[in-house]
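Just below sit the structures, each encoded as structure tokens.
Same chain, two partners: subunit A is paired with subunit B first, then with subunit C.
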Partner chain A sequence: MNIVRALKCRECGQEYDIQPTHVCEFCFGPLEVVYDYEKLDGYFTRELIESRPQTMWRYKELLPIEGEPSVGAQNGFTPLVRAKNLEKALGVSELYIKNDSVCYPTLSFKDRVVSVALSKAVEFGFKTVACASTGNLAGSVAANAAAAGLESYVFIPHDLEQGKVLGAGIFGTRIIGIKGKYDDVNRLCSEVAGKYGWAFVNVNVRPFYAEGSKSLGYEMMEQLGWKAPKHVVVPMASGSLCTKVHKSIKEFIKLGLIEDNGTAVYGAQATGCSPIAKSVKDGTDLIHPVIADTVAKSLAIGNPADGFYANRVINETGGWAEDVSDQEVIDAMKLLAETEGIFAETAGGVTLGCAKKMIESGKLPRDESIVLCITGNGLKTQEAVLDAINKPRIIDASLKDFDALAEADGFQAAA
Partner chain B sequence: MSVSVRIPTPLRKLTGGADEVTIDGANVGEVIENLEAAHPGLKERLCDDNGEIRRFVNVYVNDEDVRFMDGRGTALKDGDEVSIVPAIAGGR
Partner chain C sequence: MKLRVYLTFDESTVREPLIWKLGKEFNVVTNIRTAEVKNHMGLVGLEIDGESDVVEAATAWLADQGVKVAPIEQDVIEG
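Up next is the complex of A and B:
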């Protein structure tokens, strides 16, 4: 059942037919997909959803494509992990990790948005797809385009982590490194998109692309037993994920799939690029663009497109925003790995680091359910932790040498 | 006070194709009123119903965003350059 109604300007309310465009012609506001939810009355039930394969597409009625996805049909449905060890370490009673570090196929939540964007691009008749990316998106566009038989161009800042560059290049995409920050890449891509007539997933196809993030929220609620958490912490770059997780919760409430649990949404940024967190802390909705400088390169967007809306979601839901230093990011990556066996990328360190800080400051209560959204995989940002982890101790292949080492560690041979 | 105002492509239909116009005004608000008088229709594209500059319209005076100065009250002096730049929605 297709319930997509139109594209609607978030600022002036002007509606447009479904088409590859993202900016209101009248007031330059961003366009968003709107739906006729009442068409789903009595049809879109928990039972229907549970009867479907475990992919993000089990919620396809709430994603803006027609019929079945042509790209990324297997994507999504990542684990929600009860983080018992981390609960003890942080002194909280109910903590979960939504673990998109193992999202199929490229190990980040970008596989969600890309499968929607590329399925839509195919519908629109595009043959070439492209993106401006801090890395994860580049890899996801390249991989999903390859599998779908589409041509692709990915544009990245020239100084990304090796794992991100390699994780895109392997798929045979045309990879372009731009001398500049992500914000420069984004500006160039806006110009390229206008000139070449390609589907830029986060430019002209952005309204559809962004909707894909909602699937993370849907899964979180279903996996909690058809319940929203009291608190959810999301990393913020453009701020889009923050707004879409909130939208997913509102939609499930509207559709009667869950009760309203008064969920508060919290945003996490790195101090070296924290324009949204700063606006929340300063009590303003004006986002002052910054020149990004942080180890969390996937979040390094100095001029966040959805900053205003993320700020509003955080304020309206009674959440908060926090930021952490590069050292805190690395410490949190290690904490997550050592307590839960999850190797998140730097953005995951930002999310956990900020959550820890907000628990300590009392912004996040210790006795209510909290979900942390981990959105990318640490194997792609190895540089960040290279100097922070234990190196192997090198010994000869000799039992005597090992015995000495085990003894130093305090281990005795079994009797 | 006479300043030059740079007009972005999507609004040039309203200025007869001109990419730059010269307008009088002691501050940004006055310039917008005088722009409207000279090129009717421009103001509603730049400002919302309350007269505030729309969220996705950026107005710069000599490369400084007026939001971080005095907004519509930002004072102008002769020869200042005012740029109107639609914000580019995009990014991850």
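Up next is the complex of A and C:
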């Protein structure tokens, strides 16, 4: 059942037919997909959802595609982990990790947004898809395009680390390295998106792309036993995930799938790129663009497109925003790995680091349910923690040498 | 070409009639679609219409005046 009604301007409310476009022709406001939810009355039930395969598409009526997905049909439905060890470490009573570090196929939540964007691109008749990215998005577009038989272009700054180029290049995409300052690269990508007849995932199909993030929220609520947490902490780059997790909760309430739990949404940023967190702390809704300088590269968006809307969600829900230093990011990555066995990328360190800070400051209560959204895998940002991990102790192939080490660690032989 | 940009003015530029000056300095048609001034900052959504090289020179001039010129998509590059 297709319940998509239109694209609607978030600023002036002007509506547009469903098409590959992203800004309002009147006021330049961003467009968002809107739905006729009443069409789902009596149809879209918990039982229907539970009867479907465990992928993000079990909520397909609330994603802006027609019929079945043509790209990324296996994506999503990542684990929600009760983080008992981390609860003790942080002194909280009910903590969960929504673990998108194991999202299929490229180990980040971008697989959700990209599979919606590319499925929609196929519907629109595009043969070529593109993105501008320094990491996760590039890999996801390249992989999902390859699997779907689409041509793809990935635009990157020319001096991007080899490992990140590899993460997209292996999928046979056309990688274009652009010389120049960050703003210049940005401007060129915007111009390319406007000039070529491609589906640029976060430009002309952005309204559809962004909706894919809602699936993380739907899964979180279903996995909690059909309820929303009291508090959810989300990493912020463009701010889109923050707004879409909130939208997912409102939709489930509207559809009668959960009760309103008064969920507060919290945003997490790295101090070296924290325009949204700063706006929340300053009590303003204007986002001052910054030049990003942080180890959390996947969150390094200095002029965030959804910053204003993320700010509004945080304020309206009674949440808060925080930022953490690079050292706090690394410490939090280690804490998550050592307590829960989850190796998150730097953005995960930002999320946990900010949550820890907000728990300590009293912004996040210790006695209510909290979900932390972990959005990418640490294997992609190994350089950040290279100097922070224990180095192997080298010994000869001698039992005597090992016995000495074990004894120093407090272990005795069993017999 | 028609270029659609967001201009961000800070405290030092917000009182300058830079869009008026832009029209005087360059052969472009400017069309303001949205504008807001508060909290020590101004934001204008502007369409600039003209020959490609003139539009490029006009946006470079704005940047020289201390105005941040960004695509209306804002940051397109994601992590």
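General remarks:
Please note the rule applied: the second predicted complex is superposed on the first by the 400 of 415 C-alpha atoms of A that agree within 3 Å, B and C clash if a C-alpha of one lies under 4 Å from a C-alpha of the other, contacts with A are read in each partner's own complex, and residues count from 1 in each chain.
Please note the rule applied: a contact is a pair of C-beta atoms (placed from the backbone, for glycine too) under 8 Å apart; a residue touches a chain by one contact, two chains touch by 3 or more.
Bear in mind the structure is a predicted one, so any value in this text is a computation, not a measurement.
Of the two partner chains placed by the overlay, neither subunit B nor subunit C lies in contact with A:Met221.
By the touch criterion defined above, A:Leu286 reaches both subunit B and subunit C. In the superposed model, A:Ala237 makes contact with both subunit B and subunit C.
Within the superposed three-chain model, A:Ala310 lies out of touch with both subunit B and subunit C [touch as defined at top].
Judged by the touch definition given at the top, the superposed model places A:Ala300 against subunit C, while subunit B stays out of reach.
Common to the subunit B-facing and subunit C-facing surfaces of subunit A are residues 11, 22-23, 26-29, 110, 132-134, 136-137, 182-183, 186-187, 189-190, 200, 202-203, 206, 237-238, 286, 288, 301, 303-305. For subunit B in complex with subunit A, the touching residues are 10, 45, 48, 54-57, 67-68, 86-92. On the side of subunit A, the complex with subunit C involves touching residues 11, 22-23, 26-29, 110, 131-137, 155, 157, 182-183, 185-187, 189-191, 193, 200, 202-203, 206, 237-238, 282, 284, 286, 288-289, 297-305, 347.
Subunit C contributes residues 4, 6, 8, 33-34, 36, 38-39, 41, 43, 45, 68, 70-79 to its touches with subunit A in the complex. By the touch rule above, subunit A contacts subunit B in their complex via residues 11-12, 22-30, 110, 132-134, 136-137, 182-183, 186-187, 189-190, 200, 202-203, 206, 237-238, 240, 286, 288, 301, 303-306, 308.
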